[in-house]
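Letters are used for the chains, namely A, B, C and D, taken in the order the chains are written, and counting of residues starts over at 1 for each.
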Amino acid sequence: MRRIAILTSGGDAPGMNAAIRALTRKAIHEGFEVFGVERGYLGIMEEQFIPLSNRSVGGIITQGGTMLKTARFPEFQNEDVQKKAYDILKAHSIDHLIVIGGDGSMRGATSLAKLGMSTMTIPCTIDNDMGGTQYTIGFDTALNTVVDAVGRIRDTSNSHERVAIVEVMGRKAGHIALKAGLACGAEIVLVPEKPMPLHDVCRHLKETQIRGKEYSVILVAEGAYNSGEVKSYIKEHTEFDPSLTVLGYLQRGGGPSAFDSILAARMSETCIDLLMNGTDNRLLGYIDGHIRPISYQEAELLDFPIQEKDYTLLSILSS
Amino acid sequence: MRRIAILTSGGDAPGMNAAIRALTRKAIHEGFEVFGVERGYLGIMEEQFIPLSNRSVGGIITQGGTMLKTARFPEFQNEDVQKKAYDILKAHSIDHLIVIGGDGSMRGATSLAKLGMSTMTIPCTIDNDMGGTQYTIGFDTALNTVVDAVGRIRDTSNSHERVAIVEVMGRKAGHIALKAGLACGAEIVLVPEKPMPLHDVCRHLKETQIRGKEYSVILVAEGAYNSGEVKSYIKEHTEFDPSLTVLGYLQRGGGPSAFDSILAARMSETCIDLLMNGTDNRLLGYIDGHIRPISYQEAELLDFPIQEKDYTLLSILSS
Amino acid sequence: MRRIAILTSGGDAPGMNAAIRALTRKAIHEGFEVFGVERGYLGIMEEQFIPLSNRSVGGIITQGGTMLKTARFPEFQNEDVQKKAYDILKAHSIDHLIVIGGDGSMRGATSLAKLGMSTMTIPCTIDNDMGGTQYTIGFDTALNTVVDAVGRIRDTSNSHERVAIVEVMGRKAGHIALKAGLACGAEIVLVPEKPMPLHDVCRHLKETQIRGKEYSVILVAEGAYNSGEVKSYIKEHTEFDPSLTVLGYLQRGGGPSAFDSILAARMSETCIDLLMNGTDNRLLGYIDGHIRPISYQEAELLDFPIQEKDYTLLSILSS
Amino acid sequence: MRRIAILTSGGDAPGMNAAIRALTRKAIHEGFEVFGVERGYLGIMEEQFIPLSNRSVGGIITQGGTMLKTARFPEFQNEDVQKKAYDILKAHSIDHLIVIGGDGSMRGATSLAKLGMSTMTIPCTIDNDMGGTQYTIGFDTALNTVVDAVGRIRDTSNSHERVAIVEVMGRKAGHIALKAGLACGAEIVLVPEKPMPLHDVCRHLKETQIRGKEYSVILVAEGAYNSGEVKSYIKEHTEFDPSLTVLGYLQRGGGPSAFDSILAARMSETCIDLLMNGTDNRLLGYIDGHIRPISYQEAELLDFPIQEKDYTLLSILSS
């Protein structure tokens, strides 16, 4: 019976558990034996393999986080460590390793693939900043969390504070800020890909006020600005005294949205089907509404940055 | 200045307000004058036209329901009524009518188009049962509502009741039941497209228990069975005493999910862009991740039923 | 070292896990050894005792349901069974048994107390229908769940359906219906304690419409009417075609509200403090904002029915 | 017909709209004419009186914020301004002014009362920091918001970050931090009333880790520390790299919890009943589970600080 090992790596994201459950049950259904590796790549080195059964993945589908835990393990960039990991996987008779995570996690899988390991990668990070896919599991859930939070903040719009700054995650990309901005009707979105000087932000706020808007929401991507500095600058250069909310890890929590949960199920199914058909070392990319196997090399080259037209649309709709 | 009128028709759905806001602001940005028609097609007959401005659609993006209200108006199938509606629209100098709703609403738009009116239709219903599009605005929100509800019901899984029946909407289609079932990990899904005799349901429940599952959730599409009868049958023919939840209009409420809100924004943008380019009498279809203009005739023929493979996947994953 | 055993019994309620955690940690802090009994009174008979530590109750505070599971066990009304249970508890050197549950659970504790067992009861049921206390843990959470659900149903108020019926739990009492009705502004509340003929309901609906209300919500306590019959009657005797939602076990799920979680912590603290001071065989009653030990006999006699003035207030505020 | 004016003042809080609705409908039921004053005390000066009817307060019960808006107006501490306000109220034939807000708002009412105006104050602020009452409307909702947020942050507990800092509101008091800490099981709570040096926080974190806890949540009351400095200090003096979430105005938003909504209804009823019985110039205090009229002088003196025993209980339960 062929053996599959599953690990989750990097920052956790809603939907990781849904993927673990779906991979396990689909793989068992197809005749595989399934193991979970705890704490990502570190867990390989520490030989933390646990057998997974249909029952052991029961009840996790709607839980945030990951039952397999995750850990930072920068040492895995070292080729000796990779080699040792390969040897350990082979010693445990693991035929295929399935990695659930972001781009750092995929690079780990790529390294092991070069050594001869059969791997697959399921894209899973709230930041939606991976090559090779237009979408990563967890992003939709994070957007809903941000939209819900901004909705609550807008409730106090009748209060004396007229500008609210909300800092969101996204690492070096503005995906969360821009899409959440469209979804919640933010007046201004500050993303790293489209630098906007703070004096333009102030001018924009004043114009918004003149147009009769009672309230402005500014979404600040963590990669664009220090949100505390945005607050200070606006307070100093306008008559506004903005409130500040830093959503932080709130965005990583919660059970997966229906979209993320279903995508986790489908990608897991495709992943096992591909392995059965002899295809491996692929990222499961989500492109134009379809799940496609993308080679790791292609994934590195295939970039899906934020779309200019989303930015333009947001500015039209916030008028 | 060209004039646009917007109406919402049929059952309301989360995202209708987001579409009204986006259509209004985009149209005004492009130089149109915009009016809302209250209470759907009935409102045309009663000449309930209200001017819409950037400010009058402020603050509605995250609200459920529709600020333009909606109404049943079966009389609109009558050609004389359609003609009168056409005349009224012309008397008010309306150049384009944008209809937000489901298939009944699209048929109304088709009728007016035949009389010479320039129309567009934005697909918006929680049931996802329209021709010409793989997706209707509101469906994602409804799925999230169902998943959240089932999650709460599962919380009581340690209680003595071991089977929970949850009735969901969907009219004659099983889209909500099947997709929500995948998303929440339901054990059994009863949809009209795949009739399952109740004695098979009972057999399945017993097998599930033998496999060691402590709890089973059965999602019943309203088009498949009377959920009360499912409950009675199971109680009579097994040792289980199922609990029953009928979600009803709960599924229509709430603010739109990020996905629905963003899609409403993008479809609205495309809608106005198409009108400006001289294309009209189209449904905005969502196909393979892209928004495409679909002629009403084509939309009638292009059906997207529930997918067999989703059904199979669900049964594998519920093992 | 004295030994405490904890069990949860009857229908589960949000806050049971919070109480298990607080009892365990407080008791260990005071030098007790703590055991959990699985599946309520049945678990005593089956000797399902598991040791509880500070770590084993970690992470459960916000979870719905009960980690100790619960079960129906009507056989416990039999004196022989009670005696056997007493013997088993003594054989396991249990000094005190703490029961978390509703009135049926308290009766079990009373029986064991009569045999000489030292017991305590923490009131925990969503129905708020116990003697000896004005409040039971879980009730506040259930109210918030109902209010949230009704809020979503109201969102569709612009739709053509003008009357929504929502069936809520409460067993033979109207606590949930009446308090949730006040909290969400229901137009009509049907509770077993104040029978209202259905023709009065119809008359009331018509008057409401005349007063200009666009929408009416009717909360039906499960103990008052079959909600399906209320729907049929209204449809037959008025022009309204009500929608129906049956919340069912949705009301039992979800993590505990802040109020329920804090009360669980405080009652647990008081419970252990009382045992240390030699007081036992008491219900922890919540009376006039304070936690008070109530003897089981007193609890049987001390009834807190729904308040007439709440009913009057609701009818004034729904005008 | 006697005239009542209602205003909301200071920071808004969930439940303000529920109080406006209940006051209006109860007062109209009792034969009063009711007006709303927009933007708090500023609105008196600007004579922004709007008539309120049963219909105009429809549909607001579950909405956050306040339909009457609120504003800062420090000039109202000036006696000349108070006198002018008094004259304006009299010119509009206002018999009674009902103020909904926190302690600053009550001081405004006290000033007008000294000039001869008949007033009442409904306590409404999320901070729960008013004299004369153990509870202010909005506090329970804010607690639930914080508990929900911390629950999501805990979901990521399997991630590599082991310490999460969450900054909450509360002005100079630690009510929100302490009660939310009890409700969500926070490991450490930093409140202004019990200063804890940061090196003690670090020591506590290390001990927690040694006890086997995988994750620690620190709630920081805004009045106790700058949360960014707490983060920096811990990062510098331990091996932990804490995540930071600043909830900000998120805590003010959302519809009122059932508890807040019901209390708003009851306090409103009592308020109008008292005015009808000739009692005025009172704060509606919530003391030991009962609503009591408290004279403004008494309210100034009657302080309900955070309870030492809650702090002790939290530290026992976080073990």
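Basically, a contact is a pair of C-beta atoms (placed from the backbone, for glycine too) under 8 Å apart; a residue touches a chain by one contact, two chains touch by 3 or more.
Labels paired with UniProt names: A, B, C, D = ATP-dependent 6-phosphofructokinase.
Here the structure is a predicted model, which means the values were calculated and not measured.
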Look at all chain centres (mean of CA atoms) and spot the one farthest from the centre of chain D. B
Based only on mean CA positions, could you tell me how far chain B sits from chain D in angstrom? 39
So the centre of each chain is just the mean of its C-alpha atoms; given that, what is the distance between chain A and chain D in Å? 36
Would you pick out the residues of chain C that each touch at least 2 other chains? 151, 154, 157
Okay, what are all the chain pairs that touch? A-B, A-D, B-C, C-D
Along chain C, where are the residues that touch chain D in the complex? 21-22, 25-26, 28-29, 54-55, 58-59, 61-62, 134, 140, 143-144, 146-147, 151, 154, 157, 179-180, 182-185, 211-213, 255-259, 261-262, 265-266, 269, 287-290, 313, 316-317, 319
Which of the residues in chain B end up touching chain C in this complex? 11-12, 14, 63-72, 145, 149, 151-161, 164, 228, 243-250, 252-254
